[in-house]
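Next up: the structures, one after another.
There are two complexes below, and they share subunit A, which is joined by subunit B in the first and by subunit C in the second.
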Partner chain A sequence: MKFDTIIIGGGLSGMAAGISLAKKGQKCLMVSAGQSALHFFSGSIDAYGCEGSAVGSVSSLPSCHPYSKMGKDTLIELTPVAKSLLADLGLDFVNNDPINHYRMTPVGLMKPTWLTMREYVRGSDVGQLERWGKVALVGIKGYLDFNTSFISQNLDRQGINAVEVEVTTPELQKLRTNPSEMRSTNIAKTLVGDALKAFAAEVKAACPEDVDVYLLPAVFGIEDDGPVKALQAEFDKPVHLIATMPPSVPGIRMQTLMRRKFQALGGTFMLGDAVVSGKFEGGRLVSVRTQNHGDMDFEADNFVLATGNFMTHGLTSDRNGVYEAALGVDVDYLADRKEWTKSNIFDDQPFMSFGVATDDNLHAKKDGMVIENLYATGSVLSGFNGIKEGSSTGVSLMSGLYVANQITKTIGR
Partner chain B sequence: MTVIKNISENNFEQCLKCSVCTVYCPVLAVNPAYPGPKQAGPDGERYRLKDPQFYDEALKYCLNCKRCELACPSGVKIGDIIQLARIKYSKQRPGLREIMLANTDIMGSIATRMAPIVNTSLKLTPVKKVMDGVLGISSHAKFPQYAGERFETWYKKNAAQEQKQYAKQVSYFHGCYANYNYPKLSKDLVKIMNAIGYGVQLLDKEKCCGVALIANMQSAQAKKQGLVNIASIRKAKAEGRVTLTTSTTCTFTMRDEYEHLLGIDNHDVKESIQLATKFIYELIERQGVRLAFRSDYKKRIAYHTPCHMEKLGWAIYSTSLMRMIPGVDFVMLDSQCCGISGTYGFKKENYPYSQKIGEGLFKQIESLKVDLVATDCETCKWQIEMSTTAPVENPISIIADALDVEATKALNSIK
Partner chain C sequence: MTDETIKQYDVIVIGGGITGAGTARDCAMRGLKTLLVERYDLTTGATGRNHGLLHSGARYAVTDHESAEECISENMILRSIARHCVEETDGLFITLPEDDLAYQATFIESCLRAGIKAEAIDPAEARILEPAVNKDLIGAVKVPDGAVDPFRLTMANVYDARMHGADVLTYHEVVGMEKDGDRVVGVKLLNHHNHQTKIVHAAITINAAGIWGQKIVQMAGAQIGMFPAKGALLVFGHRVNNVVINRCRKPANADILVPGDTVCVIGTTSDRVPFDTVDDMRVTPEEVDVLLREGEKLAPCLATTRILRAYAGVRPLVAADNDPSGRNISRGIVCLDHEERDGIPGFITITGGKLMTYRLMAEWATDMACRKLGIDKKCATATTPLYGSELKAGETRGKKTYSIGEKVAFRAAEGRHGTLSKDVPKADIYDNALVCECEQVTVGEVKYAIENLNVHNMLNLRRRTRVAMGTCQGELCMCRAAGILAKSEGNAAKAQVDLVEFVNERWHGMYPVGWADTLCEGQFTSMIYEGLCGLNVFDKK
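Coming up: the complex of A and B.
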């Protein structure tokens, strides 16, 4: 079976590349072994977690960093492309460009970030939240992935005195029949339409009348942001959401909207299948095979490897080495096994920067040779620690777009 | 250095507890009495391994749709873990209803002989009331009609002789539905295969694949039938014929569930069990086979991916074939469970959940204003026809209807 481009991996990076290429009229196939890391999405896309300008930090990064490889000018060029891709999906992200703003973590701490979904709590500075006046912090009875007392303690440290309330409705009580599954996504599926209205009424009844702002867990709108808007419309004061522990409702919304867009543009999406081998010939990848399709060769002019890191099994390891799981392309890692980890878990863990070796255009390598039609993007790349830096979503989005551009340039050549 | 690997059955120890599977379980979203894939699967298994007392009969609510497995980023065979636990630990025994619903071939052979009576009486209110009250079969569910003549009977009378003239041959596992309820599907397959120069043979012995037996706590019987089927498929293979199927559920059961749930060794014939659309697509791509379509066939068709098709990963073959028909305006539906899951939706206690699970799909179908819904599974067809205004056909029937037989024969130099 023949395609223009085959994308291996269906998370943020693969989708960014796939949607961009499908928009250009390419016939694309995307193979996704299970759901992606977007299920852990914070509600924000972090470019680089520093104060001030994120793109500005590129100049000080080591040359092996994906941002350095793409280059500052390219990143600046891609910024509006990234924003319009998200807007096109119906995702409403706000920013404070050219400098970072702050998002709130599930425990109520403030972290620098680049783009945040409009409904989320954000601040242009850590202290900005003070202007809120009287704050109601609303928890849901039996829902354990949103800890209001942690959050209120941290709000207190920022000088905000929040009133904690806990609410429930008969529909939510029914969900609690299954205590272990009283989770964000099940709540989001329940709180729509009339059930959402009844919930809003309970919130109003439980809070003091003179509240200036309501803070709620981000458990609304799994398919689109309709329920978020419907909820906000029930109140005459601002309603802001705070990220919860996973699974992330807004992340799943984003995943769903991207997958739909990709398919609407004619892309073929295969979930639950995995690329198991590739045929390399003369510095090119000719075709790949997958778990479900036996000896069927999926051929393409270009390939994108966007399978993620260890967590999503894009990378695997044993005592002897670190490997790229789908195609067995080259991986950058430390030869000495003892140096892979540091004993303090909060230290910068070296293994987090292991990943697929690429040239400056993000071409992957096999046995030391650059493969000219195979690109690597997102968390499978080497040279950065996305969690420590606060850059994983940014690298994923930007490298996906970057690679789509590279591929578009080769067409017609 | 010896590397000690900790590999359990079904990748159970790979579970990261990420909860991604729970997001996509169609049952959990509508029925809080079901513990959900994570709890019923890898989490519960940990306890069950310690003490079988931890087995929870609520695992019967699992549809075995495998959508949790598709979603799991760590390759945990959640659905298999759940079904194996049901087989191993459940103390519930099948009642009359489970036996009736599960033995589709016995029921089918009685019913075809009395088709007009059965078809009418299954629609009568008093009969439905009795089924509902006494048997616990939902009075809202519409039963598929029985045909007056089985496919096998028709084949022996009208087609068997003619098949011998073709140089190339395949075997066909028609399954219960295409035998008792909808022989047209089988005849459609014969029509297409003949047009591209293949004769179609019945298997030596064909039994119901057993999917409903597994779901209804009769896995020992399922295994007996499975062994018969695999022996027949093996014999066909020895004689140089692959075995084609037109139902994703039978295909998936024989290729995967036989091995994973029933312990039947089928590794030597697995690749010989082929969904007809996949087989035909490969002939087109690899052997230069060509199909010619009628110019007056014009339809807007939406494709619904059955859960087991999603798990097989083969929807692309059925959809690619339909897209080859020039007069087809093709729409892909969102992949979601229709809620029937074989006999599940026929049971009174499951009926409301079954409808609620399918709600999103039904709405999407109604909104798209299509002439036909295409799907490769007979039970999805029942559910969609019962719950929407759209008629439903198997892609094989669509291709057969649109096919220009004479032109196709000419293109492939078949006399």
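Coming up: the complex of A and C.
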């Protein structure tokens, strides 16, 4: 089978590339194992976790960093492209460009970020939260992945005294009969339509009447944001959501919307499959094979490798080395296993920066040779610690768009 | 935990490992007013850092007849008094092509002489009995080895001691000995929670502090020559074997693979280490390599089995008196009467020995204390089941079977707390919500542990319930359990800091085996607790 571009990996980065290319009329195939890092989404896209301007930080990054390779000017060019891609999906993100704003984490702490879903708690600074007045922090009885004690404690540190309430409804009670069913995705599937209205009524009944703002866990709207809007319509005061521990309902929604968009644009999406090998010839990748399709060769002019890092099995390792899982392309890592990790998990762990070796245009390398039609994008890239920097989602989105542009340019030539 | 209502105790036992817990139980059962003190948590030392092997004694049969006899005797006792802490798995001593098969006859003869039922079986039968065993084996001997959960066994002894009137203070460190002339009359305690000190008096003080007991002896004004011997072990992600696998040769590195609960453990190495390292044992890459190389010979599938974590403990080896070089090391039980030995009345040290012989050690120490107090009461710990292990009339300990639809979490709690699992709240559907999927720990069990099992933090909770000890090493259950702790203690600020420390405690066992799935889990953990939550701001560097 022959495609214009084959995208390996269906997370944020692969989707950004795939949707962009499909929009240009390319015949695309996307091979996705299923879950991606979006299942752990915070509700925000972090460009670079610093105070002030994220893009302003790019010039101080080392040359191996994906942002440095793409270049500051290109990143600035791609910024409106990224925003319109999200808006096209029906995702309503707000920003405070060119300055970072703050998202509230699942434990109530504030972290700098770039784009945040409109329904989420956010702040231009800590002061914005103070203007709320009387705050109700609403938990769901038996739902353990929304830690109201910690949130309340950290709101308190910011001078906000929240009233903690816990609610349930008969529909949620039914979920409880299986001990492991009280998870975000199941709640999201339950809290729609009349069940959602009943839930809102319970929340109002449980909270003091003079509440100015309601804070709820982000467990609404797994298919689209209809339930979020319906929930907000039930209240005459603002309702803001706080990210929960995984799985992330808004993240799954985002993944679903992107997949639908890709398919609506004519993209072929193979779910639950994985690329297991590639045929390289004369500095080019000719075709790939997948787990589910045996000896069928999938050919393409260009390939995008967007399989993520260790966590999503884009990278694997054993006692002797670190490997790229799908195609066996070159990986930048430290040869001495002892140097991969440090004893404090919160230190800058060297293994976090391991990843696929690329040239400055994000072409992957194999046996030291640049593969001119294979691009690496997102968390599979080497040279940055996305968790430490607060740049994982930003690198994924921007490098996905960057690679799509590179491919479009080669076609133009 | 307990209010100080008695100013004067008969006995203070120092050390919340298995020896101290067993000694406190024995003392309390003989009617002595007993206080158990532990500087950190129960099982923090060597007790929580070994194989969890219920030795049959076979390992020592050839080289140490006395230890072998003690082991088989205590093995049989633990099967009846601590049945909820023991798994009757049996064990195999296998001979591989590179080993001398002639050793097997010597081995069996020595076992039988020590009273250990050792039976040579056909290698083909061994392969059926334990499918994970190295298929190349040329000989096999079946022995009554088993598995014992040291966390559970220690907690059961502490609980039992409390039920017999003992007081227990964890996070209370002995910082000085109170003396009246030469006599030890009590201890000075530092409370690590509120940083206050207090003095408690007792007629007898028993030092059961393991390797840390050397310092206690020094505080009392005497000397003892102890030699820390580090033993490193690896925990695998699932239970590859159901029968303990040993090598049939002279004891060496990494030649025992023990199944326990949902995992299995290979170990151990043995190296003398400096005294100043005993509080922070880390496993080196070289030790990991040795453990894997040797472990794969016992069960080749270990080569492709996920390693959950690495850990190391310190054996308290004691030099014979008048031998400061430590060449003449005893691995047996050492019970010192410091009145006789050093002219310090009121002070006893119980050390050496092993997890397996803790009850016998406790008996010796308690016998000595009773003699000094003029109390004539016989030891009953060999025949009285621990709380949680009482047999109902006609009940036998059969193999556990789980059928689909049964409440697996209830069975898991029963496995962990024995008959005491009746006290785990389960009437309410919220109490039945799962905190930890890997180990099937419910909200009810967490609440039970917080209320009844000396739990102040996440680490305590893990040791009492197995929360975060399974394949995911606590990815999501850590935060859930921390939320319940925060609510029950009404202190979210402390619970957050505690959670961050706990995330790092899990990593300490993971980074020495930081490749494959462990690296993947480590990245996932960082992503959640640092990337998503931002909790790294509470890390105390």
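Just so we're on the same page, the second predicted complex is superposed on the first by the 412 of 413 C-alpha atoms of A that agree within 3 Å, B and C clash if a C-alpha of one lies under 4 Å from a C-alpha of the other, contacts with A are read in each partner's own complex, and residues count from 1 in each chain.
To be clear about the criterion, a residue touches a chain if its C-beta (ideal position, glycine included) is under 8 Å from a C-beta of that chain, and two chains touch if they have at least 3 such contacts.
Note that the coordinates shown come from a computational prediction; the quantities given were computed from them, not determined experimentally.
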Report task. Once the structures are superposed on A, label A:313 by its partner contacts, choosing first (subunit B), second (subunit C), both or neither. Result -> both
Query raised in the report: Which holds for A:271: it touches subunit B only (first), subunit C only (second), both, or neither?
Result: first
Report task. State whether subunit B or subunit C is in contact with more residues of subunit A in the superposed arrangement. Result -> C
Report task. Scan A:296 for contacts with subunit B and subunit C and give back first, second, both or neither. Result -> first
Report task. In the overlay, answer first, second, both or neither for which of subunit B and subunit C A:246 touches. Result -> both
Query raised in the report: Does subunit B (first) or subunit C (second) touch A:185, or do both, or does neither?
Result: first
Query raised in the report: For A:153, is the partner it touches subunit B (first), subunit C (second), both, or none of the two (neither)?
Result: second
Query raised in the report: Between subunit B (first) and subunit C (second), which, if any, makes contact with A:50: first, second, both or neither?
Result: neither
Query raised in the report: Does the superposition put A:111 against subunit B (first), subunit C (second), both, or neither?
Result: second
Query - Partner chain in contact with A:94 - subunit B first, subunit C second, else both or neither - result: neither
Report summary line: Both partners, subunit B and subunit C, contact subunit A at residues 40, 176-177, 180, 246, 311, 313, 318-319
Query raised in the report: Mind pulling up the subunit A residues that touch subunit C in the complex?
Result: 37, 40, 42, 105-107, 109-111, 141-142, 144-145, 147-150, 152-153, 173, 176-177, 179-180, 182, 243, 245-246, 309-311, 313, 316-319, 337-338, 340-346, 349, 351-352, 386-388, 390, 392
Requested in this report: Note which residues of subunit A are touching subunit B in the complex, please.
Outcome: 1, 33-36, 39-40, 174-178, 180-181, 183, 185-186, 189, 246-247, 252, 260, 263, 268, 270-273, 290-294, 296, 311-313, 318-319
Query raised in the report: Any idea which subunit B residues touch subunit A in the complex?
Result: 1, 3, 16, 18-20, 22-24, 28-29, 32-36, 38-39, 43, 69-75, 271, 282, 285, 310-314, 316, 320, 332, 334-335
Query raised in the report: Residues of subunit C touching subunit A in their complex?
Result: 282, 285, 289, 292, 409, 429-430, 432-435, 437, 442-443, 476, 479-480, 482-484, 486-487, 492-493, 495-496, 500, 503-504, 507-508, 511, 514-516, 519-520, 522-528, 530-537, 539, 541
